[in-house]
Amino acid sequence: MKEYKPKIVCFLCKWCTSAGADLAGTSRLKYPASILPIRVMCSSRIDPMFVVKAFLNGADGVFIGGCHPGDCHYHEGNYHTRRRFAMLTKVFDTLGLESKRLKLSWISASEGTKFAKVSNEYTEKIKSYGENPSKWNVFL
Amino acid sequence: MKRIGVFICHCGINIKGTVEVERLTEELAQYPGVAYIENYIFMCSEPGQKLIKDTIIEHKLDGVVVAACSPTLHETTFQDALEEMNINRHQLEVANIREQCSWVHDDIEEGTRKSSLIIKTALEKLKLNDSLTPISAPLTKRVLIIGGGIAGIQAALDIADGGYEVILVEKEPSIGGHMIQLSETFPTLDCSQCIMTPKMVAINKHKNIKLYANSEVESIEGFVGNFKVSIKRKPQYVDPDKCTICDDCTPVCPVVVPSEYDEGMSWRKAIYIPFPQSIPATFTIDTENCLGFNPIACTKCSDACEPDAIDYDKKPEYFEEEIGAVIVATGFDLYPVENMAEYGYGKYPDVLDGLQFERILSATGPTGGEMHRPSDGKVPKEIVFIQCSGSRDPERHLPYCSRICCMYTIKHAKLYKHKVHDGQPYIFYIDIRSGGKRYEEFVQQAVSEDGIVYFRGKVARIYKEADKMIVHGIDTLTSKKIEIKADMVVLAMAIVPNVSAAKVINNLKLNTDENGFLIEAHPKLRPVESLQSGFYLAGTAQGPKDIPDTVSQASAAAAKVLALLSNDEISHSPIVAIVNEELCSGCGICVSTCPYGARELDEIKKIATVNDVLCEGCGACITACPSSAAQQKNLTDEQIVNMIKIYSYL
Amino acid sequence: MSYEISRNIVKNELVDKIEELSGQNVFDCYQCGTCSAGCPVVEYMDIMPNQVMRLAQFGATEDLINSKTIWICSACLQCSTRCPKGIEVAKVMEALRSINLRKRVGTLDPNKIETEDLQDLPPIALVGAFRKLTG
Amino acid sequence: MNLPYYPGCTLKANAENFEDSAIKVMEILDYQLNEMKDWVCCGTVFSMTTDDLMLQLASIRNLLRAEEQNLNELVVLCSMCYNTLQRAKKFITEDEENLNKVNDLMYKENIRYEGTVDIVHLLTVLKDRVTFDKIKEKVKKPLSSLKIGGYYGCLLVRPKEFAIDDFEDPTIIEDLFSSLGADGIAFPYRLECCGAYQTITKKDVTIKRTYEIISSARRAGCEAIVTSCPLCAFNLDQRQKETSEEFVEFEQMPVFYFTELMSVALGGGWNKNWTKLHYVNPEQILKEKGLI
C-alpha cells in the first residue's frame, strides 16, 4: 500500500519562522515533504478565512509559525495571531472541522532544529489522524 | 496574460541532488502562463543572470520566477537583473526550492513534486503582482551607536571622520568598555590603556560626536533612514562643567564599595570617577550606596566641593534624537564563576576569572601591577590556568567556543612569568585555538621561552585545603592524573553577551541566537548587518572576538553606514497596505490595529487611509478589516488563496 | 607494533553493542579528559575512562573487553556527572562489564573472599560485588 | 506522625545501630517509622545497561508492594537502597515499554504497577518536614565543640537528578549537625567514592580510598565522620584496621551513622550495643566531649 502522505499548508512569517526554516535547510536537517510553505510578512497577515479555505480545498493540516511572543518584528502582530488562533479553534469545532489539525508554533530565526522537530512531529500527528474528512463533505 | 519565464537553478548539486530539474522543466512547461522555461547550473552567476536577461528580450517576458535558494539570498540580485531589462522588480518571484526543499528532503520523487508545487505557488502569486515603484522618504544623516567599548568607539570615529554626526550612548559613567581594563594585549603585548586612551579622548573632542554617558536607550521608533530615539540620561549629581576633578570629595566620603573597574578587587567611594582617564572626565555619585539620599544623612562631599559641583536633586534627563541608522555594540560579560560548581562556585577568593587577573597584571590595578593574590597578598608561586571554563560544555554550561580565551590565557601565563621569575604557570587545555595572524607564533614562543607547562585535559574539581587550591586534573597525552597544590587559579571564563544589553536588544526586536548574541543578516556575506534594515552590528555583541576582529567589524559596520548615508533619500518598500474606498465603512478597526500609526481616518470622507512611508507592510490591518476593504499590495487575499489552492488540491 | 585499521574495524559489531547497551554515542566524546580527571580509582586502571571512549571510537574493542579498567570502576558516576557532553561514561563501563559477564567472564571468585571479611561485610557489599563482577 | 519506612537488608544485619538509632530519634521528634510489610532486598546496585530489566525486578517488587499496601511514599535510611529504588523507579516509569514489560513479568502478583510511590531519604525528611529549626529546639545535649565531617559518598548526590542536595557542594549534613550544636565541616573529599563493593575483590583500592578520605577530613579539622550508608561505614570504619597497617602515619577516626549522634544530642543517649558494630572506638570521643 502506498504510504499516506499528508498535505500540510504552512504559513511562515518572514522574520522568524521562515528564517528558522531556512536555517533548518542550511543545517541540512530532515523533515517530511508534506510541509508546504507560504511566506507572509507577519503571522498577523493570516486571515482565518485562509485556514478554512485550505481545509475545504483538501489540506490535511494547517501550520502557522510566528515569532515568539514579545519578539514580533512588528511588535505585536503575533498577539493578534494568538487571539485569532484561539478563536479559530472554537469556530472550527462549530463548523464541524477538526481543530486538532491546526497547529500554531513560535519558532525564531535561530531555531532551525525546532522547525525540523515541529515539522516531524506535526506530520506524524496528522498522519495518525488520516486524511482530512471535510474534503469529502463540503457543506458550506 | 503575463508572459512568465521560469528559471530553475541546480545550485551545483545542492538542488539537483534531490530535485529532478529536467523532469520539472518539462512538466512545468505545460503550466498556464509559462511562456518559457529553462534550467541552469548556477542562476546567480553572471552567465545565469545573462541567461535571464537574454531570455526576457528573446521571449518578450514580462515576469520571471527563479526557483533557487531562499529569497533572503539573491532576490535583489535577480530583481536588479529584471530592472536592467526595464521590467519592474516586482515582476520577479523567487521560489525557495533549496533551503525549504532540496536540503531538507532526501527522496528525489518527493523533492521534485514539492519543488513543482512551490514553483506553481510563485507563478500564481506573480500573475497578480502589480508593478510598483519604491516609496521614497527623506534620510536623516545621523547615526546612533549603542555601547562605548572599543567597537562603538571605532565605529563612531570612522563615521564622524566621514563627516556625519554620531550619537554615542554608553550606559556606564565612562566609555572604554572592557578593553580599558586589560593590561597588555596579545599578540603584540601593547599596553591596552596606551592604545585606547587616545581614541577615547578623540571621541570627546570630535565635533561630530555627541556622547551620552551614563545613559540608556529607551526606545527607537520609525524605520531605516527615519528613526527617533529616546535617550535617558541617569543623573550623575555632579555637574561636569563645574567639576574640576580635584578629587577633594572622595577622601571625605564614608562609604566604600567594591570597584567595578577592578572587578571587585579594590574599593571605591560612593562618589567616584571610574578610573583616572575616564571620558567624560567627571565624578559620579552612585545613588545605590550613597547616604546622601533619602533621608539626607550625609552631605560630606558637597561640603568639601569648592566649585559647588554637587547637586543631590538632579533628576534623570530625557532626550530625543533623530537618526538614520543604528549600530549596536553592546559588548560582552564573562560567564559568572559562581556558576561553576566544580571550581568552587566562586567561593574561593584565589580562584579568579580572566578579567580579575587582567586587573592584577595591570599597572593601574589594585596591586599596582605586582603579583599578589587577593586573599592574603602572597605572591603566588604555583599558578594554574583552566581554559574552556564554561565554554564548550553543552551539558552543564555553554555549548560554544569563546574564541579568545586560548590566547588570553597564554598571554596571562607569559605576563605572570615575567613578574614572578621563580613561579610556575600550568595551563589545562583541550585544544589550543590560535588561528589569528602571528597567534601561533605567540603561543609557541611563550611556551619555549617561558617554560609554560600545558596539560592536555580538563580539571575535574578544585578543593581548597588550608591556603592552597588542590587542582585535580589530567594529562590525557601521558595518562597521568595530575594534582597541583596551587596558590592561585585563573579560570578562562566563557564570553557571554552583556547582560544589561538584553533589554535594549529585546526592545529593538533584533534577532539573537540561542545564546543571546546578535544574529547577522548572513554569516559570511553580510556579517555586520542585522536582518532589520537600518541596524548594524559590531564587536562582541555579535559573538566572541578579540580586539583586531572587533575593530575590523566596527570599521566594516561604519563603512556600511557611510554607504547608506551617501544616498540623498531612502527608498522604502512599496509592499504596503491599501484601502478600497468603495468597501471601507470607516469603522476604524485598522487604525487601532496598526503598530506604526500608519493608519488614519479621513474625517471628511469617513474612510481609512494609509501613510505609505510609515506602513511597514505587516498586514495586520488587512486581516483585521471586517469589510475586506484593506488589502496588501502584491500579497492580496486573492493571491494567497490561489497559493493555498495549489497546495491543497493534489 | 602499529594498529592496522579499516572501516570494518571502526564500525565493528561490538561498538554497536556497547552503544546499544549503554545508550551512549561514543562519537559524542571530544576527549576533554574530565571523566579521567575526576575518577577516584583512575590510578589503578590500565586505560583511563577517556581512553575507553577513544578506543571505542576507532573500534579497538579487544583492548576494551580485556581491560582491567572496567573491573576497577566502582560505578561512582563521577564521570557521568561531570562530562561536558553529557556522556554517561559509567554506563559505557557497565556495558563492557555486561558483555563479559554475559559470557560468564567475571573477576569475583567467591572462594577467595577472606573469611574474616565475610563475617563483617555488610550484605550490600556482597550482593553488589556479585552483581557487578560475576556472570 | 507515621512514616512508611523501607529498611533494606543491611539494617537488619551489620547496621542495626543505624536502624535502632533512627527509630529512636524519630520518636523523639514525634514521628513513627513504620516498617512496610513483605519487603525484599532492594537489589543493592542499579544495573545501568539499557536491557537489564530483569535485574531491576527486585527493586520494583518493593515499589509494587508499597503500592499494594496503599503507601504513597517510602522513607529510606540506607543511601544505597535510596539510590537503587529511585533509579529503578525512573527506569520503568519513564519508559512505557519497560513499564509494560514489568507488569507482564509480574502478572502473578495481580496488580499493575503505576509508579506512584515516592522514595524519600530520611535526611530529606529531617530537612523539609521536621526542619532543622525544630530539631534545634529539641536538642538536650548540644554536640558543642565536636567537629563533624559529613561524608556523602556517591549515592546521596549522584546521579544529579536524585541528589538530595547540590551535587557538587551539598550542605544538608553540615546544616543538620550545626542545628545539633556541632561544628559541621564540609571537608574536600566528602563526595569522593569510598570504593564501594570493590572492598571485596580490590581491598587495596578501598584501603587507599579510606586513607585519602579520612586524611582529608583530618586535615580539615574533623574529629569524627558521619555517614548514611552501611557500605561507606564499613569501608571507612572497619577498613581503618588495614589502613593503619598499610600507612604508618595514619590516624584513626571514629565513624558514626548520623542518627547515632542525633540520638546523643536529642537525649536518646548512646546504646552500648551500638559500640560493638564499630571498629574505631566511638565512645572515646563522646566521653572526651562529655556527651556520655
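Order of writing sets the chain letters: A, B, C and D. Residues in each chain are counted from 1.
What we mean here is this: contacts are C-beta pairs under 8 Å (C-beta built on N, C-alpha and C of every residue); 3 or more make two chains touch, one makes a residue touch a chain.
Worth saying up front: this structure is predicted, and the values here are computed from it rather than measured.
Colleague: In this assembly, which chains make contact with subunit C and also with subunit D?
Modeller: Chains in contact with subunit C as well as subunit D: B.
Colleague: Select, from B-C and A-B, the pair of chains that is joined by more C-beta pairs in contact.
Modeller: Comparing B-C with A-B, the pair joined by more C-beta contacts is A-B.
Colleague: Can you work out the whole-Å distance between the CA centroids of subunit A and subunit C?
Modeller: 47
Colleague: Mind checking the centre-to-centre distance between subunit B and subunit C? Centres are C-alpha means, answer in whole Å.
Modeller: 46
Colleague: If you average the Cα atoms of subunit A and of subunit B to get two centres, how far apart are those centres in Å?
Modeller: So the centroids are 30 Å from each other.
Colleague: Centroid of subunit B to centroid of subunit D, CA atoms only: how many Å?
Modeller: 51
Colleague: Would you mind listing the residues of subunit D that make contact with two or more other chains?
Modeller: Residues 167 of subunit D each touch two or more of the other chains.
Colleague: Return the residues of subunit C touching two or more other chains; collapse runs of consecutive numbers into ranges.
Modeller: Only 78 qualify.
Colleague: On subunit A, where are the residues touching two or more other chains?
Modeller: none
Colleague: Pull out all the chain pairs that touch, please.
Modeller: All touching pairs, sorted by chain label, are A-B, B-C, B-D, C-D.
Colleague: Under the stated contact criterion, what part of subunit D meets subunit C in this complex?
Modeller: Residue list for subunit D touching subunit C: 8-10, 13-15, 41, 43-45, 47-52, 55, 78, 80, 154, 158-160, 167, 191-193, 195-202, 205, 209, 230-231, 233-234, 238.
Colleague: Hey, which residues of subunit C end up touching subunit B in the complex?
Modeller: Touching subunit B from subunit C are residues 30-38, 42-43, 47-48, 50-51, 78, 82-86.
Colleague: Would you mind writing out the residues of subunit D in touch with subunit B in their complex?
Modeller: These residues of subunit D touch subunit B: 166-169, 188-189, 216, 219-220.
Colleague: Sort out for me which residues of subunit B touch subunit C in the complex.
Modeller: Contacts found on subunit B: 342, 388, 392-397, 430, 456-461, 472-476, 479, 481-482.
Colleague: Note which residues of subunit C are touching subunit D in the complex, please.
Modeller: Residues of subunit C touching subunit D: 20-23, 40-41, 44, 71-72, 74-78, 80-81, 88, 90-91, 94-95, 98, 107-108, 112-113, 117, 120-129, 131-133.
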